[in-house]
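After the structure tokens below, expect a handful of questions from me.
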Amino acid sequence: MIKAGIIGGAGYTGLELIRLLLMHPEVEISVVTSRRYKGKPISDVNPHLEPFIELEYEDVDTKEIADRSDIVFVAVPHGSAMDYVPGLMAKGTRVIDLSADYRLKKEEYERIYKREHKDKDKERRKSVYGLTELHPEVADADLVANPGCYPTGAILAVAPLVKGVVGQSATMVSQVIFDAKSGISGAGVEPSETSHFPNLAENIIPYQVTMHRHVAEMRMELGEKVSFTPHVIPAIRGILTTAHVFLADGAEPQNNEIERIYKQFYEGKRFIRLRKGIPSLSAVRGTNFCDIWFEREEKSNRIVVISAIDNLVKGGSGQAIQNMNVMFGLNEGEGLWFPGLVP
Amino acid sequence: MIKAGIIGGAGYTGLELIRLLLMHPEVEISVVTSRRYKGKPISDVNPHLEPFIELEYEDVDTKEIADRSDIVFVAVPHGSAMDYVPGLMAKGTRVIDLSADYRLKKEEYERIYKREHKDKDKERRKSVYGLTELHPEVADADLVANPGCYPTGAILAVAPLVKGVVGQSATMVSQVIFDAKSGISGAGVEPSETSHFPNLAENIIPYQVTMHRHVAEMRMELGEKVSFTPHVIPAIRGILTTAHVFLADGAEPQNNEIERIYKQFYEGKRFIRLRKGIPSLSAVRGTNFCDIWFEREEKSNRIVVISAIDNLVKGGSGQAIQNMNVMFGLNEGEGLWFPGLVP
Amino acid sequence: MIKAGIIGGAGYTGLELIRLLLMHPEVEISVVTSRRYKGKPISDVNPHLEPFIELEYEDVDTKEIADRSDIVFVAVPHGSAMDYVPGLMAKGTRVIDLSADYRLKKEEYERIYKREHKDKDKERRKSVYGLTELHPEVADADLVANPGCYPTGAILAVAPLVKGVVGQSATMVSQVIFDAKSGISGAGVEPSETSHFPNLAENIIPYQVTMHRHVAEMRMELGEKVSFTPHVIPAIRGILTTAHVFLADGAEPQNNEIERIYKQFYEGKRFIRLRKGIPSLSAVRGTNFCDIWFEREEKSNRIVVISAIDNLVKGGSGQAIQNMNVMFGLNEGEGLWFPGLVP
Amino acid sequence: MIKAGIIGGAGYTGLELIRLLLMHPEVEISVVTSRRYKGKPISDVNPHLEPFIELEYEDVDTKEIADRSDIVFVAVPHGSAMDYVPGLMAKGTRVIDLSADYRLKKEEYERIYKREHKDKDKERRKSVYGLTELHPEVADADLVANPGCYPTGAILAVAPLVKGVVGQSATMVSQVIFDAKSGISGAGVEPSETSHFPNLAENIIPYQVTMHRHVAEMRMELGEKVSFTPHVIPAIRGILTTAHVFLADGAEPQNNEIERIYKQFYEGKRFIRLRKGIPSLSAVRGTNFCDIWFEREEKSNRIVVISAIDNLVKGGSGQAIQNMNVMFGLNEGEGLWFPGLVP
């Protein structure tokens, strides 16, 4: 059994790690931290976890967490994760960081997140960006920077067109607009103006329409041709990304060619489902799948690609576990291979 | 034009007063207070009110509010209203208090709300409980204690059966259970655990299932035979009250007799709609109506009465304006006579 | 491996059986029928099931279904199930019927469902009412009549008080009102006026307020002292039942006594969770749990008991699988032992 | 008083016309037709309209409707409106058609709506496209083709940039993507797969992602540079349009210049609210306003413009009444000048 520790187990990301790891046949949760709930049984604070977990929330130091774990999931906000990662790695524990702290280059991080990166060995650590389908080097990583929820849905939607496959020129795409719609759980467990039911119900709320920080990850993977506008919808889970892809001059791929590119690019990737019909959030609810579908606009240079993920699973904790599986040589889908909650 | 002041104009009750008074042909809003937003244009803080109101939020003393107003709506939380009411009345201004501070007898209030009543002339003031349909003495009141949202829907649902009409014994009812379901706007404008979208969506939340404070108002009007259990539903506005009415021994009213009692009791009451079918929240959305319907259980001593109101209108600000209309000799429906927002 | 057939696999009940059985380690789905979708791959019609099931919907006769199955789940509407059950049983196949056709006595069924019961051996079959916690005789049954969704939540909520435990008089309860609130998935997969989003959103809809057919099951298990009023809430899954329990004269149980009764009654019942706080639908979402909590009203003869279930799992397909586990001597929780989808 | 007839008064568009016209001080509803509900009191079928309208639904011929009306609103589906319009106009009655039948040129209409246009005088009639803010010629029209809901929100969002103002080159824009999110009421009063609560709740549904018919209206007004992708969100009312506007080479407008263009373009247009913050659906709920806001992406050629309307009011019946006001020389806002239902 793999002993897995969770730093920050009271937020949605931490809770989803617990929910999923409890169903994982090869993992035992070894320690879960929370300063706020220190000493309280986890299933008292979160009644949906009764009677599945007998642990209490703890507030122990990094060294001890490392000692008790083969792998540690860091599920604290960006800016805090870098307080833990160096200590964990110094002890030789493998780490999956679900915050933004190890996703970008140091300068880019400091510019985007407007704070100094406190880990002075940041660049030396060779963190791998844990978009599993695109980064097989996860297998050998000691530190995985788990992608943001929006970048996961966005990058997976268009990577085949942007990055290309064997026998295809990579210049097919000139520009991409990601217009994303997310459930509110992405904003976290703390009540806010946006999550206040009377504000969100019967509404849809665009925010940071040209300046959301996640665009940096998208550009890191796809290049500068990418723009991003997020919205919050009145739903708990899920991100539906509408990618408006503009083709480069001269590119006039037929539908079957586009289909071939996607199939080839994602061959063997079990959590990518190329769809015959328009994806919906319900089919991925509670699961690690990314559903993808496209339609080319007739007489135009636009392809619309739609992707759907559960922001807390494929867009967060599920992908983290998928990465753990790859890191430990397990079947990629171990503990994650079940259908969505429909209806 | 009646000059109306509003103390506490940034909460849902205050905002609904503004929305409705702006459509009232006989009223001019004279002053709106808010400590938090002092100095800010009301329509900057609340974009839905642009360009209908040019006032700014103010933080002025009670005396000045009284000087500038013929009537003042006090829309602050219970415990705070009694800081304003004595000063307003000392200046001869009529007052409608939307808090609980003047609804109950002093001892009852202090017991239920667990605080001392600071207005030492509380009992002398002869506040009228402003359930307009049941209390015609509102017309002559200087101080109206506007009912709570739950009591409005509950009391109106069963008053005919409990209080009786001419030619009917009042002992028809032995016990009443009010099982009420409310939209979350009743909990106010501040985000909370309960109003957090991921907690309320796809859920229904019972709370204070035997001890909600509003039961005191219900018992004041209907007697001790009343019990009350509230729930919050994933909706913004509205209260649907399911009243389980148990008949006294020997009472075996036929449907047409019950119907006659309701019609007689509410004759001429324009905002009570006795319905042929089951009421819904949508038909009263945004309006001052109370829709009522009943069904007698065959071979049993139970009548189920359903009432539907908009908690912010008939259950709050609309009823306050209805009371104002009555106090100033206007048509009861002035400014409130429009259909609901369906769908 | 147990070979399980499903008759009626395109409705919500059938789909939930598929979803759950796919995660069951001891079961192989052998045949799934649907006249409407005959010949279509199940995962084409229901994309959330891709790639978990390779079967197509079939339209084969009862005899063949029986031949290919060790157990058959009948998930067609009441009135249709009795077309299949005799044929299945004639072949010696064990049956779990999720419709109402075998829950009540013949006369009661015909009166309530206003149709003749076509199975002339109905009474001889000795179907067991499959409320697993109350009917251990499920273990030996060849035909289980799986309970209705409302009766499951209602009966489990108050059975300890009504039926009593060793050392307790069973006369503690004089009357019970079940005021239930259900997600709309209980109304099935077909669009209707009630399920039309603009009608249900921002609303709550009472229906059949004194005459819902499920009350017959409640009375069968609990006696005539029971009344029932259902509502539909704007949510997909879940039933929250508010039971208003009136105590018999002289019964004055203290909280710790009530708690003791519940604990004793449900000892060893893994899917009953007696709660310290008010239950919510989210903690049971997607699971087979029934969460129960109570509060005694001070100075009154009322106990309010709240129960929460997922109508499609414990209130339907999950309980059916729980029954199957018991019938086949498996661990009661096999395939059903996972936490709810929160948030 | 203007006598207004409504053909097709049982759908959402017709009902919203009734709701709004009942509040209009200069209008009397003269006749409302519905084949389905012929002979039934309108307020029996639609309880929210009680006791505001005493009319029954009628099924009378076009000639009689014309005789009894100064203006007729045609609120039947496209393809049916053209059955009524010629007869109404032959009688000299002014007409506002809320269907698509008179919005496009005959050939375009027949191509897009895949049906023959039955009105052989279609082209001669000189219908005016009733986007009031852009077409002052509405004032003199006998036939107004009221715009589609999506085109209203989309065209108003970007018209200033595309069409330009005095002193501005009209070539500022090279391409526009409209990514629109609509409440489900736009799909009408009939239940469907899409409007089925379990399908839409906790979801967002893209549809006709490159081929929605409304794009033809957008191109008629804005040119061929326009693309359109609609989505349905789990909300009843409202359309939020996210317009991704790409600037022509060399165009580098500063924020204050863009703001100046919008202000100049919409000067005196009372129902356009240029916003300081991101618009939301709640601020326009139930109203005829179109809220608009923009943000220029730094270091890019994109401007994101957000518009919010109520699809049934500004996107339908409200705009129709606004057009009627202009046609009859009334104040443009008569009967429509009230704030939105917040929260």
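Order of writing sets the chain letters: A, B, C and D. Residues in each chain are counted from 1.
Everything that follows uses one rule, which is that a contact is a pair of C-beta atoms (placed from the backbone, for glycine too) under 8 Å apart; a residue touches a chain by one contact, two chains touch by 3 or more.
The shown structure was predicted, so the numbers you read here are calculated from the model rather than taken from an experiment.
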item	value
Far-end chain from chain A, centres as C-alpha averages	B
Pair joined by the larger number of C-beta contacts - C-D, A-D	A-D
Centre-of-Cα separation between chain D and chain B, whole angstrom	36
Interchain centroid distance [CA atoms averaged], chain C/chain D, Å	47
Intercentroid distance (Cα basis), chain D paired with chain A, Å	39
Contacts with two or more other chains, residues of chain C listed in rising order	12, 185, 189, 198, 201-202, 234-237, 280, 282, 285, 343
Partner chain D, residues of chain A touching it in the complex	177, 179, 181, 183, 198-199, 201-207, 209-211, 227, 229, 231, 233-238, 240, 242, 244, 278, 280-282, 285, 295-298, 300, 302, 304, 306, 343
List of chain C residues in touch with chain A within their complex	12, 15, 19, 22-23, 44, 46-52, 185, 189, 201-202, 236-237, 273, 275-277, 279-280, 282-287, 291, 338-343
Chain C residues touching chain D - in the complex, by the definition given at the top	12, 184-185, 189-193, 195-198, 200-202, 234-236
